[in-house]
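You will see two complexes here that share subunit A, one where it goes with subunit B and one where it goes with subunit C.
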Partner chain A sequence: MMQEEAYIRERPRKWKDFLAHNLNLDIRKYKRNLKKLNRGGLFLFTFFLILALFPSLFAPYSPTERFIPYEAPSTAHLLGTNDIGNDILSELVYGARISLMVGFASASISTLIGLMIGLFSGYFRGTPDELLMGFTDVVLIIPKIPLIIILGAFLHPSIWILILVLGLLSWESIARVVRSKTLQIRETGYVKSARCMGFSSFHIMVSDIFPNLIHVLLPKFMLATASAMISEASLSFLGLGDISMKSWGIMLSFAFSRGGFIRDMWWWYLPPGICITLCVMFIALMGFGFEGREKENGKRGVDSE
Partner chain B sequence: MSEVIKKTLRYAASFFLIVTLNFAFPRLMPGDPVKNLIGEDVYVSETVMEELRAEMGLNMPLYNQFTAYIGDLLRFDLGYSYHLHSPVAEVLRERIGWTILFVGVSVLLGTVLGTLLGAYSGWKPETKANRLVCYGFIALSCTPPYFLALLFLEIFAFKLGLFPFKGFYDIPTPENIMYHMFLPVTVMTLFSASRNFLIMRGSVIQEKGQLYALYARAKGLYDTAILFRHVMKNASLPIITLLALDVGFLFSGALFTEIVFSLNGMGTLIYDAIIGKDYPVLQGSFLVIALAVLLANMLADLLYAVADPRVRRPA
Partner chain C sequence: MSLKAENLSRKYGSGLLGRGKCIFRDVSFELEPGKTFGLMGPSGEGKSTLGRIISGLESPTDGAVFFNGNPLSRMKKAEYTTFRRKVQMMFQDPTDAFNPRKRIKHSIFEVLNLLEISGTERIRCTKEILKTTGLPEEVLLRYPSQLSGGQLQRLALGRILLLDPEYIVLDEPTSALDVSVQAQILHLLKNVQAEQGISYLLISHDEAVIRFMSDSCGELENGQMDLIEV
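Moving on to the complex of A and B:
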């Protein structure tokens, strides 16, 4: 028995194959699927990105041009027109830019804050760590959407305030992940030798620890983007969005409140909703894919030791 | 023991932060605090404004205001809604029962559904059916909750006419309430199940690679026995943590679902308050929801200690 255990510990690869065979789990096939998922997400996401970058190439009209309101889909207007006569397809194409911008901008803010707090508290440990993580836990408990609703109601948000608020309120989980990874990295040989050579803490954090955090940050950034986009859509639905910047969320909210729903105009309320769902899903799939790859790398590291 | 003290301290700090935020918002935001405290669309004359300012103590120093505010809270006085012409605490008391019932039922159902399906799917992640279910749940978790609610309302209530599309009940009998609640509860259940599913799936995939699962297989146990008697117990620990963190999220999801289905709970209250700029109601709702989430987190911590003996024992 002891021998067998030693055998298993010595040859993790073989042990895994044995496990895969006996628990009818084909890990390799699962991995392949994960990779496919990631690639598919990336490909389709690129489509939305192009849409957001060059809307004028795809939109048949300007989003502010007016036609006859409440028109059904036809060859002239593939998705019909809305209550003030804007072409819905054009609106949809131009909305991609705003929705994606809100997502990425607020995710950037929250990733930056999470990175700084996590890095600082993981690197210095001790009292700063206790304080910062305590603060993180405290903030984590406060329900975000109700808080944003209150802020939104008081501030009458422009899109910039919305981005800022969403970014400032969603850094906690990123901070935690970064901290735990930093705790690992600071014990590695290269960080220790850098400290022996007398580099400043700041220099070590920036040039030794940060590059190793990117793999953890990227999936978190993706997921933060996805959840920010959903939050933006939800807030727009409550009428707390920026009406001058028509995102998908605002389109959906208008379709609900200005008669698209009651008149049974599916071509008005379905496309923005589907676009939000698909776009968020592609971003999340990419995030999952990166996360899976990261776990994969971590395991290989342990195996090779 | 020090863990317990630390936890208690953090909850106390969260509580303090929530109350402070609630105190600070109307006083720090742009505009006249009196307007911010009574709601923007209420028209009052200058003299009444000054009277209110004196009455609410807004001309006193901030720390006096804060102690007065805490005193009000201890007496369950959350202010007065000039829109609904009644104290906020009373309005909230009427509404919150429904929302808690709604959220409670759907979270319970969603947890059971998500955990079971997630366990199955994690056990054999490579079969076609399981992959399909997995994509389905990923899609669900990426849909804004209110869009899902809109779709359900459109398909099942408008197009097929199977369910009513408004309110909690016509006549207050249990059957009628269940009939009315079916669609919203389904939406919320799917929503909460999708999150549990993904966590449970990953957790089972991880757990079944452990040696104890291999040992159970070597003993000759069947798949279902290994899954439900050995792997499931360990794999469901992250679910408890998730539930605690998710309560706030699910609560807000419920708000949107309520708005779409015109259920007379907190969601519609908040929606009306936003449209009418009824700040006292908004603030009161935020306070109540935040406290509910805080309590749920404490409950989850206790539950975790019951479920995982390692937490109870000093390390």
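Moving on to the complex of A and C:
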């Protein structure tokens, strides 16, 4: 009897248990760790956000103040100075604002465009859907970075143009996701009854469909922010950024072109690189966290509160 | 008021070559005031599609739905607004009858806003719904996920009644509920019909439900509708 009970208990072992026992790979533990990482991501991202919002609290000097150039790290200048004698730590702190602003502003533009196109396409279906999704496919296959380089070369390099270009060229995946979710929500009873009761399409889209898209949009927005920050850094490194507004990408670019690498001044080129990596990683972690929560909600049924 | 379907046909996936599957063809019937027309048939025969066509949520491939003698496809805006108020549809799954992100009171007030009812009249209407459906006031503050299937289906009917409809298409309104709750909902529907003289188009695959509720009845099978004796 006891043996049989043990056997019954043993039976419902899942593939996760199999992995945990045989390959020492515990998925559940990994999931728990991922949750911790998400929380950590949120915490550290908040740190960067505070840095960006109140740089004067953390930066020892103004980013334009000049000291002796090419100085190594010391107690006066924790990360040394650059070619024109600016304090690198102060530049780094003030650079957070520019990098995050580019990331968030262009992600807002792309999320807004993606939301409108996806919502319209999924709700109305038929010809508008085919036209809009056809257009989305065309935008999807355009190689982004080469196009931005060409645009950046022709247009006056400015941070606003960079934000606009990055925003206008990265909405396709958001539009696709929003469209598929809208198609799903459109067939639910509450949308069908709203249509039946005579609510306008605009009212249904804003009041019934949009609130149910937020869980999809939020992770997409975070991932778009991370991706825009990387694009900004790449473009700035290639010399297409706005040199009057020093972002982390511009700092890297200057370190490369003005002797930071040749003189092996790691305190000049490593910190902005590390900051970009960490910030993008934290934002991505938050995005994955929101995405995971959405999946769990999907399994349980939407929890309204 | 009258609601009539004439020679309705529906094809799916007609595509470029026009070789789609015909779900049903030449379906005609009329909903009489204050009576229930039962529609039964096996799964996949297009009962729900026919319901959606009658309530104007889908268009037929051929034929037309006539409301007060006017075809739906050629209605003027004012007529269509009247049609939208007078012909309503109640769906199978009560769990998605209300927006999961809104409290019940918001879903109800939304309809009252649509009808431009405000102030004390709004409170009176809401209380009336609760009285008709036999639910306590506290349900108004709940989210749909916090209510049972039977309660949600009652509220769905109550919300429809706010619009003072003449016709309600009931698309398997009890199939997602257990037997005792089914009986409550069916009795509620009958009471509402007796009080307000509403016509129902009741779609169900349960013959017992159809026999209990209907005055006349049709069976949709192999793309054709046959009228049968109740």
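Observations
In this section, the second predicted complex is superposed on the first by the 270 of 305 C-alpha atoms of A that agree within 3 Å, B and C clash if a C-alpha of one lies under 4 Å from a C-alpha of the other, contacts with A are read in each partner's own complex, and residues count from 1 in each chain.
Convention: a contact is a pair of C-beta atoms (placed from the backbone, for glycine too) under 8 Å apart; a residue touches a chain by one contact, two chains touch by 3 or more.
For clarity, every value in this text was computed on a predicted model and none was experimentally measured.
By the touch criterion stated above, A:P146 is placed in contact with subunit B alone, subunit C being left untouched.
In the superposed model, A:R263 lies in contact with neither subunit B nor subunit C. In the overlay built on the shared chain, the residue A:R66 is in contact with neither subunit B nor subunit C.
In the superposition on chain A, A:R125 makes contact with neither subunit B nor subunit C.
Of the two partner chains placed around the shared chain by superposition, subunit C is the only one that A:P211 touches, whereas subunit B remains out of contact. In the superposed model, A:R39 makes contact with neither subunit B nor subunit C.
In the superposition on chain A, contact of A:G189 is made with subunit C only, not with subunit B.
In the superposition on chain A, contact is made by A:M197 with subunit C only, not with subunit B.
The residues of subunit A lying in touch with subunit C in their complex are 188-190, 192-193, 195-199, 207-208, 211-212, 301-305. For subunit A in complex with subunit B, the residues that touch the partner chain are 16, 19, 22-26, 29-30, 33, 134, 137-147, 149-155, 226, 230, 233-234, 237-240, 249, 252, 256, 261, 264, 266, 269, 273, 276-277, 280-281, 284-285, 288. Residue ranges of subunit C in contact with subunit A, taken from their complex: 52, 55-57, 81, 84-85, 87-102, 107, 110-111, 114, 143-146, 156, 159-160, 163. Listed in rising order, the residues of subunit B touching subunit A in the complex are 6, 9-11, 13-14, 17-18, 21, 25-26, 29-31, 36, 124-126, 131, 138-139, 141-147, 150-151, 154, 158, 205, 208-209, 213-214, 217, 245, 247-249, 251-252, 255-256, 259, 270-271, 273-275, 277, 279, 282-283, 285-286, 289-290, 293-294, 297.
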